[in-house]
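Next, two complexes with subunit A in common: one pairs it with subunit B, the other with subunit C.
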Partner chain A sequence: MLYLQMAITGISMGMLYALMAMGLTLIVKAVGVLNFAHGQLFMLGAYLTWMLTYSLNLPLWGVIVCGIIVFAICGAAYMFSVYWPLRNSSWKVTVTISTLGASIALKEFVQIVWGTIPLTMKPIVNGVFHFGTVYLNYQYIFIILIGGGLMALVYILFEKTFLGKVMQATAQDRYCAELIGIPTIVSIMATYMISMVLSGTGGWLAGPLFLVSSSLGSLAQKAFAGMVLGGFGDVKGAIVGCLLIGMIESFGLIITDAYKDAIVFAVLIIVLVVRPTGIFGEKISEKA
Partner chain B sequence: MKKAISIILVCFMIFGLAACGNGGNEPAEQGTIKIAVIDAFTGDKAVNGQYSKEGIELALAEINEKGVLGRQVELIYEDGQGKETETTNAYQKVISEHELDAVILDKYSSDVLAVEQFVKENGLPTFCQGSSIKIEASDTSNLYSTRRSDAGAGGSVVAFIKEQGLKKVAILHSPDALGQSMGQVVVDGLTKAGIEVVSDQQFANEDQNFTNYIAKVLASGCDCFVAIAQTTHSAQIMIAAQEAGLSQGENAITCIGNSAFVQQSSIQNALEASNNWYACTAFSPTISMEPTASWIKKYNDTYGRLPDMTSACMYDSLKMLANAMETAGTTDPAKVNEALHAMTDYRGVVASYGYQGTPMLSKAEYVCHIEDQKSIVLQIVYAE
Partner chain C sequence: MLEIKDLHAYYGPIEALKGINLKVDEGAAVAIIGANGAGKTTLLNSISRMVKTTGSITWNGQDLTVLNATKIAKMGIMHVPSGRHVFPGLTVYENLEVGSVNWHSPLKDGDYTKDLEFIYNLFPRLEERKNQLAWSLSGGEQQMLAVGRALMGRPKILLLDEPSMGLAPVVVNELFEKIDEINQQGMTVLIVEQNSKVALHHSSYAYVIDDGKITMEGPSEELANDDRIVEAYLGKKRG
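== the complex of A and B ==
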């Protein structure tokens, strides 16, 4: 029964990592920048939904609607402040360093605005499921459902809609996309907005379980690992990689508690040694 | 003539050097008394820095009403973020930039141990709020802590478990100096007492999800759960324990934590999940003894909230330093250290303090029980 609990929490954690990794991958594909502030965008999402829920006292539907709008605005603002002014820098690493700076700034920003004491958030779905020695907060199941739903939406957006195709075209070759009249600035902005919506929703889902604090951003380490494990730059790979990371992290506790994170990263290293491009690496090279 | 000029020049040089000597000493005994305060003012542990600042500012206001040796005390804050590297950098920076009279460090033993060698080298009276056994074993004679060591707190936890007649204990502890040292003391103490340790887990610093750790505790069949963590994790552990029915409900068992579990910041976050937990702590905001009760009221009136352990420890640190300077009649580090070594019974808001041959000055701690989100003092444990 313990294994069942570990499996569900593992998938649930994997979903949270996947929401972050999907956003990360979309940005990597769109502008070729690894966003080191992604964990902090996740954290910002938790703080913003806390504000919508407890400061503005919005009902759940209001939190969802306003949350998506606020996340999208934040995504656009983030792009125009961290990426856009530095996009033509002669040193390609400049934007990456800018994201590092943004991660520190965002962490301090939330502490200035909301204080240093972690904030408590009630679970979106209240209650705990008990079966023998197994217990599970319903929020974990809710995370799996919402995470899965968002993944399906992202798939539909990119594979079935015109906007998705425009974004894919921009990601594949920005110069050609501009030549055929695609407004790449809008396309890139949309990518950042979707990325922030995904991460912000992750923060909203994680807040009730882990408290809303500046340390929420540290979950991004595993999202990075999942993204690399699945295949750098591949959305499907990022999802599978993150779910694997979640499961390894969860079941690793059976072998060792103190070094369970070491197991996660040891698996990552082994996979990279065997398949340097990650699990879905071949597909990436085929695409390229 | 040449001889006379030489004598005059030599005389000038002697007087000049003498004047320089006075000039070198006097400014150090004039102006403000500078004390550096290094704590986590930004980053994940900034909540502690905020409580620290509130506590120490309260002491500063009281001290500066009369002054120390006719001088005002000035605090120089430096951010160590509660991390070893940043604390070391902050310490080096503040030492090189200011002519300090004393230093006060945060409550993270790992940070204190990281700068210990520098503390020893410069000889400045240095207070900290760390409780690691390594701090207790330190031979740095100018280092002082307002806490009892983890060995003492761990011993109190073991004594409480024995007293309750519990037989199977599961332990979950942090990976830092606190968790490692206190966890080991508890395991050793329980083994010695013939109490079985059915599960001994260590979580990672980055952990946010404690569900699986608690599931393992539940599966171990224990009748007592001991958790040792910093305030950043204690609330999350209490929430996970409540969800599992470990601390509350029909199948609840005895749950015991270290001081972090009864601090205001933890209770505020865990809310009703904090109920029914026991904890061994240096300080509780519900202490009804004087002068602690009056101080808690004053703090609450000033800041509109109850103090944390770190607020009280910081308050006591500054007050003890000021007292030692008055006793020594100087801010000379060696003399202030002598005065602190001679201190036998200083009544602070946390406890009575006295130098007992180790940096740990506190003579007592409390066993508390959380009821209706308030920590109630059950008993006082005095240092042997």
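== the complex of A and C ==
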């Protein structure tokens, strides 16, 4: 029964990483930039929902509705400040460097606005879920449900709606997308907005488990690891990879508590030695 | 009517086009032939605003040089780039569907049943393969898909960049017959080709471009029989 408990904890942690990794992958696919400020966007999500909940005293549904709107605006603002002005720069790494800058700026920004002392946040439902000998914080179950629901929504958006097709097309061949009349600015902006909604929600869900502090951003390391483990640049791979990372981390506790991060990255290294492309790392083979 | 006057294009310090003048009348099929590196692709990229230029490009009197690529497409000037630019991870149907974005908002689907029907009639093979991912198509089918997707945008003029590139002669003929068919239905076509023989055969007027300049022009039939063209581009001496 302890194992079940560990598995659920592992999956829900994995879900948090997956929310970040999905957004990261979408941005990589859309504009070819690895967003190093993604952990900080996650952290910003936690702070913003803290503000909505405790400074503006909104009820739960208000937090959710306003949260999504605020995240979408932040995503667009992030794109226009960090990506758009530099998109035609002759050195391709420029945008990546600017995301590094953005990560520092965001970290400093939240410390200026909300101070350096970590803030506490109540879980969505207080208390502990009790089943046989399994004891689980309700928050873990909410993470799995909300995270899974969001992923399903993103899947429907990309695979079933017209906008999703347009966004995929832009990601696959930008030059051609512009020639057939796709306003690429709109589809790239939509990608950033979705990406921010995903990680912001992750931050909101993670807030009660950890404290809301600027160090929440470091969870992105696990998201990066999950992305690489699953196969870089593949959304499905990123999700599976992150869930695996969460499980490894959780079950690693059996062996050692102090070195659980080390176990995660040791597994990552072993997988990469055996299968350098990651689990789902089969690229679409383009014909010459 | 598409009219280009004294067009210069630059890649950094390199002048790729050195003063091009040309005219494409409505409903015409015009070919531009020339060797590799003569500036053919640059010319099309200038019209669709993918490179910076000086000089004038007008479409029915409207200045195109002040617009961006997306707006050019919205005006009905549809550039089909060379090298089979299809969206590899989308199915054939989805590729065509996305092409319709040119005349409605990306947020919602439009009604394009008629457009689809027209394209499937033109290229029955696309209908057979409509649920296949685009990367898995053969070269000829990919080229047909690229043309079909451009037609989904309801263009007024098609700019075709080397449609014959890398295709077997049989497929090239088939493709050009389809292009003829599209042209006969009233579509203006501007074809840029290295394969001069096919291009001259399937056009009414032609320009020869060399080193960024137009060196010859005239009705395609006349050019096809011109000794200089025969020697330089058609690869055989007349006996």
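Note that in this section the second predicted complex is superposed on the first by the 277 of 288 C-alpha atoms of A that agree within 3 Å, B and C clash if a C-alpha of one lies under 4 Å from a C-alpha of the other, contacts with A are read in each partner's own complex, and residues count from 1 in each chain.
We take it that a residue touches a chain if its C-beta (ideal position, glycine included) is under 8 Å from a C-beta of that chain, and two chains touch if they have at least 3 such contacts.
Here the structure is a predicted model, which means the values were calculated and not measured.
Participant: Pick one for A:Leu34: touches subunit B only (first), subunit C only (second), both, or neither.
Facilitator: neither
Participant: For A:Ile117, using the defined touch cut-off, is the partner it touches subunit B, subunit C, both, or neither? Pick first, second, both or neither.
Facilitator: Only subunit B; A:Ile117 stays clear of subunit C.
Participant: Going by the contact rule set out at the top, does A:Ile68 touch subunit B (first), subunit C (second), both, or neither?
Facilitator: A:Ile68 contacts neither subunit B nor subunit C.
Participant: A:Val128 contacts which: subunit B (first), subunit C (second), both, neither?
Facilitator: After superposing on A, A:Val128 lies in contact with subunit B but is clear of subunit C.
Participant: I'd like to know which partner A:Phe210 touches here: subunit B for first, subunit C for second, both or neither.
Facilitator: In the superposition, A:Phe210 touches subunit B alone.
Participant: Is A:Ala258 contacted by the first partner subunit B, the second partner subunit C, both or neither?
Facilitator: Touch partner of A:Ala258: subunit B, not subunit C.
Participant: Counting residues of subunit A touched by each partner, does subunit B or subunit C come out ahead?
Facilitator: The partner making contact with more of subunit A's residues is B.
Participant: Touching A:Pro183 in the superposition: subunit B (first), subunit C (second), both, neither?
Facilitator: Only subunit C is touched by A:Pro183; subunit B is not.
Participant: Quick one: in the complex, what on subunit A touches subunit C?
Facilitator: Residue list for subunit A touching subunit C: 162-163, 165-166, 168-169, 172-173, 175-184, 186-187, 284-287.
Participant: For subunit A, which residues count as touching subunit B in their complex?
Facilitator: 2, 5-6, 9, 13, 107-108, 111, 115-120, 128, 130, 133-137, 140, 206, 209-211, 213-216, 218-219, 221, 250, 253, 257-258, 260-261
Participant: Flag every residue of subunit C that touches subunit A in the complex, lowest number first.
Facilitator: 48, 50, 69-70, 73-74, 78-81, 84-90, 94-95, 97-99, 101-103, 106-109, 133, 135, 137, 139, 142, 149-150, 153
Participant: Where on subunit B is subunit A touching in the complex?
Facilitator: Listed in rising order, the residues are 42-44, 46-47, 49-50, 175, 201-204, 206, 208-209, 211-213, 215-216, 218-219, 232, 235-236, 243-245, 265, 268-269, 271.
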